[in-house]
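The following pair of complexes shares a single chain, subunit A, combined with subunit B in the former and subunit C in the latter.
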Partner chain A sequence: MNATRYAYYPGCSGKGVGRAYEESLLAVFEHLGAGLDELEDWNCCGATAWPSVDEQQANALAARNLALTEDRSPNGDPVDLVAACTGCYRALVRAETVLNERGPAAEKLGGALASIGLDYEGRARTRHPLDILVNEIGLDRIREAVVRPLSGVKVASYYGCLLVRPFATFDDQWNPTSMDRLVEAIGAEPVDWPLKTRCCGGSCYCGGPVIGVMPEATMQLSHALLREAKARDADLIVTICPLCQFNMEGFQDRMTKRFGHPHDMPVAFISQLVGIALGIDEKRLGIHRLLRWRLPEGEPATVGGGDHVPA
Partner chain B sequence: MQTIEETRTRPTTQPRKKWRPVKDQSKFEAQLDPGFAAEIAAEVEGGERLHQCIQCGTCSSVCPLSAYMDLTPRRLVAMARAGARDDVLHSVSPWVCTSCFACTVECPKRIPITDIMHALRRISLREVTYPRRFITPVMTRAFVDMISSRGRSTESWISLKLYLKTRPTELLKNLPVGSRLVQQGRLGIRRESIRGREDLRTMLEAVAR
Partner chain C sequence: MFRPEGDGNGHGKGPGEPIPQPITTNGGPKVGVYVCHCGLNIAGTVDVAAVVAFASTLPNVTVARDYKFMCSDPGQELIEQDLRDGLVNRVVVASCSPLMHEMTFRRATAAGGQSPFYFQMASIREQVSWVVADGEDATEKAKALVAGAVRRVALHEYLEPRTAEVRPEVMIVGGGIAGIHAALTLADAGKHVYLVERESTIGGHMAKFDKTFPTLDCAACILTPKMSQVRSHPNITLWTYSDVVGVEGYTGDFTVRVRRRPRYVREDLCTGCLACIDACVHKQGKYTDEWNEGLSKRKPIYIPFPQATPALVVVDPEACIWFKTGKCPRPCIDACERDAFDFEQTETFEEVKVGAIVLATGFKTFDASRMPEYGYGLYPNVYTSLEVERLLNAAGPTSGEIELRDGTRPKVVGIIHCVGSRDAKHNLYCSRVCCMYSLKLAHMVKERTGAEVYNFYIDMRTPGKGYEEFYDKILKEGVHMVRGRVAGVTDEAASREEEGHLVIRAEDTLIGSVRRIPVDMVILAVGIEPQPDAQDVRRMFNISCGAEGFFTERHPKLAPVSTFTDGVFLAGACQGPKDIPDTVAQAGAAAAEALAMVDRGFVMLEASTAFIDPAVCAGCHTCVALCPFGAISFDRERKVAVVNEVVCKGCGVCAGACPSGAAQQHLFTDEEIFAEIEGVLAYV
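Let's turn to the complex of A and B:
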């Protein structure tokens, strides 16, 4: 099997608060025979802060990354750019949509790119790592590669806002399931809960730990998520957004104080959980970078077999 | 259109007015600006659908932050459409919005409410009507400054700048978490930057032109 290699866009959080996300993604992709090569000299995607100043400039920022991605494949083939952070993913998809509409806005962006010797032909496509894991690599291949099925672990999958909004890309807008299916494939038990795409209050600003924006509002929103996951008996929450992850994980002590409701819920990245099931060393998955981490005590399932594979 | 220099320093050349909260001042017909809806429509693709709003309130009910807004999204849309320009532009609501797009997705009339929020932010930045000590405008500016000069953002620097500028007490409250993040290597001090900084500048200026 030829190793598929993707261009990879870490985003600013992937180098900071979400470092464990990057580490675990790289490890998991490599383990599954699909490499991620970091895009050379990528720049910030513009996040949701830049459109508040100038929409076209925000799109131009994202467009530069798309154009740089195309440069990686000069022979005219379509090329995928895997954007890890959900905020970046959405910003890149937004620019891609504008460019592919080929309207006056796209012309302007094209001119701006041309001014620095770049060009977007429409070959670069933004993908989400979850999309690649579930729809390209495939659940079957992941299921086969599992050496430590996480049987009995109840996992609440939190998708956050920007993966499915403002328009759906590869998953259902109201009830996304790709992460749940992935959880099932590694032998764990997905928890059914209604807050999959409810805003966590992280504000999706690439500013990282910006709970300072509105601490009260942020804590209320994250509190609701954590409480609901707990009420539904989840052992941990997994997510795909560095900001959501930090937002829900980092302020549990403050939330406990504020709401008088004890919070102690591990919040991890889905790639970390998959990595554990694949038997990758915890150090490589950045587990030590989580503020709280534990898997429920249980009979560790044996390698190769058992009834962990759902029908 | 703003040049980079302008976006990097103060948003406009207008003198900084004292910010006032929304006071429902637009009570009389003469105080309304009937062209406001058209102004928004020119900023946002699909913004003209503002006129089709049936005031069902779905946006306000799905908005996770409407409780913290002075004008809920439904009210904001109604007032914008009626032309209560001054009140709308002084509202904190666009700055409270987290851009989660729940309203946009649920709106039965497909009004791009989140994009309208962004447009209102742009207009209020231009006209200096944004809430002065509110953190989001400061954050937006700090973020834009950092990206236009370095090409990438470094979370630690932005957070520090924000806390110091707006609420130093929060810095103290979050010190325990912050120090753990540093220990875990999740909060680097080194400022990220790219090689193509000049390119980035040229490109952004080309768009602004």
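Let's turn to the complex of A and C:
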């Protein structure tokens, strides 16, 4: 097996709210012979609320990570940086786009990088792990590696807003399918639904729908997603965004109370589901960190219910 | 262009009067420089007085003046008077561009008693004031261009204006309502028309519609009589199922090559009785019926619709069993009483000579699947407006019933405006017809089904005779109008009422909230786009397209049906989105302009033909092979190439290719061009 290694950008969520995502990604990539090496001295990607205050400064943060990535390949070859969180992914792609347009904004970013002794030559390219899994490692290789096909499991793939917007880099902007194809490759059954890229409300929470800035709007949006997935007989929702996962999984009891509609829908990372199909130990996939988890064979939930409780 | 018959103001020369001879004596060239203000177009940026002062210092310049509008009668009179007074014998006008007014000033020069070619233009509007922001820079550039023109015009030679005969026949490309109307207008005026249509019938989009706004008269009732007139008119040669594959020649004498595709049925024998269609081994239609926008199936042998003109059947070789396998009893042949079948038919070519060409190649509708958020192709009950036109049409797939794909009648219908139009991601322009046809569809759907109809619009655009009144009538009929762009169409049900319906999500900007409206049927008011092969057509006829792909008229206001290629005219939506009244008006205008040209019988030709200096020519033959008009022959005795100036069109290919500089072109000789360059550079 070819041992491609990628530079890996975990972002803050990879170390916090999306720890299970990082754990499962590292395990799955390792299992498929494609290692992820954490970028040394990485910094904030500049997503969060900063771009709406000062886009230039936010881009400068992302640009530093791209410049650091190029240092990994001193021989002048192009080099990929895998960003797991879609917020980070979008932020890094945005900075990359600005830099590659080589306009006045890129000049300013170049100045910022120069002030810390770095530069960006246009060699570092931001990649999403889903892109790597589907288009580089490939579905055939994944299909061959499956030891526990998840036949009969109905999976609604939720892509969230940022993966394909505003930059549709490797999938369709309105009807992305890469996760669905991956779900199919591990033997499960993709659920066709119209809300694949509808906002989960994560962008207006900043601290959770209960204590966040717009709790009502957030709850409404997440509720619509969970209700529709259920209406289409999904056994679980999988996603590739730590914020979406947290947001949809974490407040189901509150939503049940608020909307009078019983919610009990497992929401996992696609990497966790792939890991299970590949036969990787659940512990290494961070399954124990999920609040609700079960597969339809009637396996007991590893963790039973409850909400994230704000401190 | 210089007209020997004068300019209509009593100036100028009749064809019989002697044309003045070149200036060789009386002190050489005396150049008059006339700098135009063009209102503030030039004077707002360029310091006109400084340019005039500068020009008066240039060698050979005897007069330098400025005027607010040189193209106006008093402006031209300045030039003519100076010429008549003998103050000047060569003219430089620094103003707009040759495209705009070169002819005007050549005429004025002629009217003043000099050869029209003793004139040179310096473009200080398009090339200076409109594009140079800084006033000082602009003034300097204007001076440089004037200096170049002054040097050049001193070398202009005396040239004989030439005319060419114009053939009386006209070719019309495209048999929609624009082509039909233009063809009938010209044919009624006694000109022979070749009408070429690539579909198997004429009629175009209009023949697919049920009714037309704002009068709601039936499209077929007003169109089909004109279609039959085309068919029976003695002055019209109608070639359907045919395409133009080549155009050669120039204004007044085009040679057009037309490919006629095989129908496998002889046009001279088929009477359109349709007995063969009934007899076909396919008992049911099996293949996508393009005429019905794919809403029904046709047989391998078919006629698009009952009033198709010409009423001839077509065999689709992709579908016909005989063509696919060679094994079919071919009951169609037996059914034909006229022995019209010819399965051996192949494509044939016709070549005709025409004096003018009218392009009426029409449009295509926006492909709704490019906006997946509206669910076209994903949800079966999302339709395009053209599909609904076919549903409404009595000759359509449902005989005029509005039925969903499962055969039920919709109770609530949503019409989404501006699909693909007024959208930075697709087409920025307004398609002009969608508001009105959406209102028409709203009326028709409501009338036929009694359904509640919602229109989702950005702005209502109803300029036109009787259009606003029509809008008012539809409002009074109780059609719901929601002002806001639709975000999406979904089958996600947020409430019990929405279950089993499509939901249109839109912001209602008049009540300031987001609405979700469950409907049974969505109609997408798709916009108008250029034909997919508009670029090929453009290249073939040597005309230009705007950024959006519609053919460019010569002037948006004053020459709306001419193109930059003389003798090629535009009609209908190939020039830009248009409704039927405007299309017919424009087709009439294009026919009238073509008629004016062919009826006069001659056109003036550019005098700038090529010539070859026998003292320099090395006899290499390069130009002989390159000349696209066969105007260059080789004189074996003298071993030099010779240009036949009658045939030469002045394209300049030989002058550009000649390795020794022997081939030159009048008004573009090396001396003239170098003098102009030197003039510009000497100043810079």
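Observations on the model:
Criterion: the second predicted complex is superposed on the first by the 287 of 311 C-alpha atoms of A that agree within 3 Å, B and C clash if a C-alpha of one lies under 4 Å from a C-alpha of the other, contacts with A are read in each partner's own complex, and residues count from 1 in each chain.
The rule is simple: a residue touches a chain if its C-beta (ideal position, glycine included) is under 8 Å from a C-beta of that chain, and two chains touch if they have at least 3 such contacts.
A quick note: this is a predicted structure, and the numbers were derived from the prediction, not measured.
By the touch criterion defined above, A:K15 reaches subunit B but does not reach subunit C. By the touch criterion defined above, A:A231 reaches subunit C but does not reach subunit B. Within the superposed three-chain model, A:M219 lies out of touch with both subunit B and subunit C [touch as defined at top]. In the overlay built on the shared chain, the residue A:Q57 is in contact with subunit B alone; subunit C does not reach it. Contact comparison for subunit A: of subunit B and subunit C, B touches the greater number of residues. Once the two complexes are overlaid on the shared chain, A:N175 sits against subunit C while remaining clear of subunit B. By the touch criterion defined above, A:L109 reaches subunit B but does not reach subunit C. Judged by the touch definition given at the top, the superposed model places A:L39 against neither subunit B nor subunit C. Of the two partner chains placed by the overlay, only subunit C lies in contact with A:P194; subunit B stays clear of it. For the contact definition in use here, the residues of subunit A common to its subunit B contact set and its subunit C contact set are 173.
Interface residues of subunit C, counted against subunit A in their complex, comprise 372-373, 378, 490-494. Residue ranges on subunit A touching subunit B, taken from their complex, read 12-13, 15-20, 41-44, 46-57, 60-61, 64, 108-109, 111-113, 115-116, 161-162, 165-166, 173, 198-199, 201-217, 221, 250-251, 253-254, 288-289, 291. Contact residues on subunit A toward subunit C in their complex (touch as defined above): 172-175, 193-195, 224, 227-228, 231.
Taken in their complex, subunit B has these residues touching subunit A: 1-2, 7, 11, 64-65, 67-68, 96, 98-102, 104-105, 112, 114-115, 118, 121-122, 125, 135-136, 139-140, 142-144, 147, 151-156, 158-159, 162-163, 166-167, 170-171, 173-174, 176-178, 180-181, 184-188, 192, 194-196, 199-200, 202-204, 206-208.
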